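Common to both upcoming complexes is subunit A, partnered first by subunit B, then by subunit C.
Entry: the complex of A and B
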């Protein structure tokens, strides 16, 4: 026995510790700004009732189309409701809807993706074909259809758009899962005698997580547009509940009457939120360097 | 004595274009309990695929036929539960490149504990067991290694970790697929010494895959030589060196560089190694063989007993008697 004991230098980094510098290096300053804006929006949504200066649904016809004042910072809409309060409270449905859509689509989409990638062969082919078929349905059309069948409202619409979003998530995750499945470390896990479920949940899924998170973030932006569009069309969030998409629709006559604040402010918020989600998603999905 | 592992007429095919192509055409070998067998062949000769077939971790498109039995149990027809138990308890594999066979986002402790968890060993017990395993593969600061991620350790270190994981389940058979090819020479020697010692201490059967005949001879009791997806020769490791039975083995031995002899040129085998599916009708080595006759290309030679070993060459006796396979060419050149 000639081999002598070997020592190694201490590992430089203990683990994937989170630091501000690490994050900004990973997603760039654009990503940090986008993330900051989104964090702000979510905080506003959470504390909306405390922040809103007025009752968002309080109609006061005498004050219709009031312009900006110390009472109503952004003025009032056609029925005299405070626009700022409606924007603040509306952020709840505007953010909650896409969140539900994305969580639903990601859970089911990832499960399908991993199952298909793991089994391969016929299972995979069938799964991909089903996803292709699902792909053919535009999300909005599906949402309108379900609203027509189950009645307008957030639940049915969120479910419909969630289903329509499954293929977007599943296709991307599946292709990466197929690649990872063929990597030797998965083979080694199998050779250890681990069950398929264990290998998928403990080894495959954690390695897919960065992609899943990025995909969720990008999808969030799209889901927001779709949900706003559905609300705009009147199938989603029902008046008088405040919602950004519904406000764009509600504010349209105002544009013609020279009071564009409501529609414009709601649209601007949608644009900003979607932009931030897209930027953040892209930065998360394609970091400057892929480590590990 | 019953064999620990028995492979008979193993054939592995992959879809290539419109038809199935052989990667392994016919492999037969046996390992007795505690015996070390070297499986030697060039790249693409089907060595690794043979080992992978034993624990059934081939790509899903592979089609396997023939027979593999472990301690009398047919491996190829095991149900998934049986197969998992077989992988957990009876057999372990050491891979060529350890760095890609470890999950990059899990620590070494996680990796080692994974196998223990299957036997109900968890928490502190798992950690202390992992430490003792690492000290058996001569790692002297196991705590630090246990908390490291794969990218923080060297190749030699990772291969030790792989070996530690392999011996954890007290397997009766160890499959080592070129365990030292990705390592530098000094680390190679250390890792080999560890494998050899553990095998002897524990009486584990070993299938040692390598492209290095001398390495096989140093570690293994017997050596099996593969060419183009077929086993062409099987003998005691020393005998392979002294008196090869197959012209291919003889050719390999001759083409090694020797430090002791200054040679202008190396003796080489003409042509290039072929894959199993490219093999001609008869003896697959015939096109490159110096002793080939037209009859050699007529049919595939049987793998038959000769002089205490086995060989798949029609003219083996003749060539042996005529002394044409002796390692004499060095002196001549």
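Entry: the complex of A and C
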């Protein structure tokens, strides 16, 4: 589940310069395809209101479970809402939720990781112990507990899952930060009399960045699994707002009536998005020979 | 060795204490006063309020309240559900068996399919390995509710092999009813175990001692059995254990999807009905089970790998 540490060449700030060719060589054609699909999904999410052919919340009971037609390409759901429009608009919460989780967990997790690795000794030991305790809480249980306390909705659930993801981010970043901390370039910076904050932010952090980005990409996929599951259970994105996880739940009764399109189409989109995130994340994180 | 074991167990106990603290303390994070939160939208007469106040010892200092709750839990007293108007343990008791059966069933499937698939693709590079790898990378990204919905569509509604709903009664019928749920619960974990097993087998086949064993003229089945699989077993056992521990939280989703009357579905129902004592009890039971399995896996790892045993004996 965790990406292997990235091997970083000469640790200078120059290595940060990103070339398109370098990236595509590193991630291979599979990574390029995955990245392309994800870019497309993000574009769809951004321009969703323009792309959706119908109002996603337009109920029309006379047209319940309409099958595919030129009017409704994927047909309609139990209350006659256009499925394609709901999928398009639903991509917004489906992508925004995991994005917030990943940004939150990465900011806090990286801060903890660098702080622990830099101070070492007791600080490090205490930080590792606290992370171990956080590991004991499966993300989905923490999300359900927070929904029970603060009420259902995206905010509480995103925060809860974000907290549950901190140890996963921090553990990977910390072990690489500890390794880098011992390298000569850090000692050289310290010998020049640079402050700890400056060394960490100007030198250590940039060298950790490739690993952080890889870790964020993989976590994005897992966050999507957890968040859509919470929305499926009815504790995340609230109806009538369209969301992929919510659509699977909304479409489930239709399966028994012989109208599985809504549930299956939303499921397929979730699987494709998660697959692309994991493939891209793994390829960004590990060189080819070390891939699982 | 003894020291390491004691440290692991102490660590698990500390983790348990902290998580119970979080689960209990969540009550006080809720907007409004704890007693209003516990009553929620339900009507409560003064007698119930008094009962809840004594039960939660809401007039005691926080630490003492938590301690009273934890010692109650250790004696099997999880509190009183206002919604069901009965003790929480009488709600959990009859349902927990179904959930344990589901986890055990899914655990066997996870390890069975994962290990067999992984060994198979690890020992047979080429087309078989390639197709297993593609399938497992897709399966890895399938959320449990998605596999549940897809399995219901294909195997229950279209092929009519399995029931769409419910947990069944009697052992054989239960197993029959739980087959699809267990498969849905196991799918992504099995793919993960398979990939790890493949990597471990691959790792070992390239090692010097395996090449030496081949050069000594051992039959290839003996090489695989005695040299490859024995060494590959250590990481595989660890990861299988951790994956099975991860199934515990998954029961919440899968039981809801299939309408199975276990504690996972009860948790969802309790959140919907604002039955907070039940939510706390089930969350604590699940997290405790998760910690317990993780600790057992940790200790098994120590017992399995003679190198670690030797190192900790020396150190």
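Everything below uses one rule, namely that the second predicted complex is superposed on the first by the 266 of 292 C-alpha atoms of A that agree within 3 Å, B and C clash if a C-alpha of one lies under 4 Å from a C-alpha of the other, contacts with A are read in each partner's own complex, and residues count from 1 in each chain.
The rule is short, and it goes like this: a residue touches a chain if its C-beta (ideal position, glycine included) is under 8 Å from a C-beta of that chain, and two chains touch if they have at least 3 such contacts.
Bear in mind the structure is a predicted one, so any value in this text is a computation, not a measurement.
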Message: Output check: A:137 vs subunit B and subunit C. Expected answer is one of first, second, both, neither. What do you get?
response: second
- request: Considering only touches as defined above, state whether A:32 meets subunit B (first), subunit C (second), both or neither.
  value: neither
- request: State whether A:99 touches subunit B only (first), subunit C only (second), both chains, or neither.
  value: neither
Query: In the superposed arrangement, does A:235 touch subunit B (first), subunit C (second), both or neither?
result: second
- request: May I ask you to name which of subunit B and subunit C touches more residues of subunit A?
  value: C
Task: Would you sort A:182 into first (subunit B), second (subunit C), both or neither based on which partner it touches?
output: first
Statement: After superposition on chain A, the subunit A residues reached by both subunit B and subunit C are 1, 292
Interfacial residue positions of subunit B with respect to subunit A in the complex: 55, 57, 59-61, 84-89, 92-93, 95, 97, 100-106, 114-115, 118, 138-141, 144-145, 147-149, 151-154, 156-157, 165, 169, 189-190, 193-194, 197
Field: Residue ranges of subunit A in contact with subunit C within the complex
entry: 1, 129, 132-133, 136-141, 144-150, 152, 221, 225, 228-229, 232-235, 245, 248-249, 251-252, 255-256, 258, 260, 263-264, 267, 270-271, 274-275, 277-279, 292
Query: What residues of subunit C sit close enough to touch subunit A in their complex?
result: 11, 14-16, 18-19, 22-23, 26-27, 29-31, 137-138, 140-146, 149-150, 152-153, 157, 164, 192, 195-196, 199, 246, 248-250, 252-253, 256-257, 267-268, 270-272, 274, 276, 279, 283, 286-287, 290-291, 294
Statement: Given the complex, residues on subunit A that touch subunit B span 1-8, 10-12, 14-16, 120-121, 182-185, 187-195, 202-203, 206-207, 292
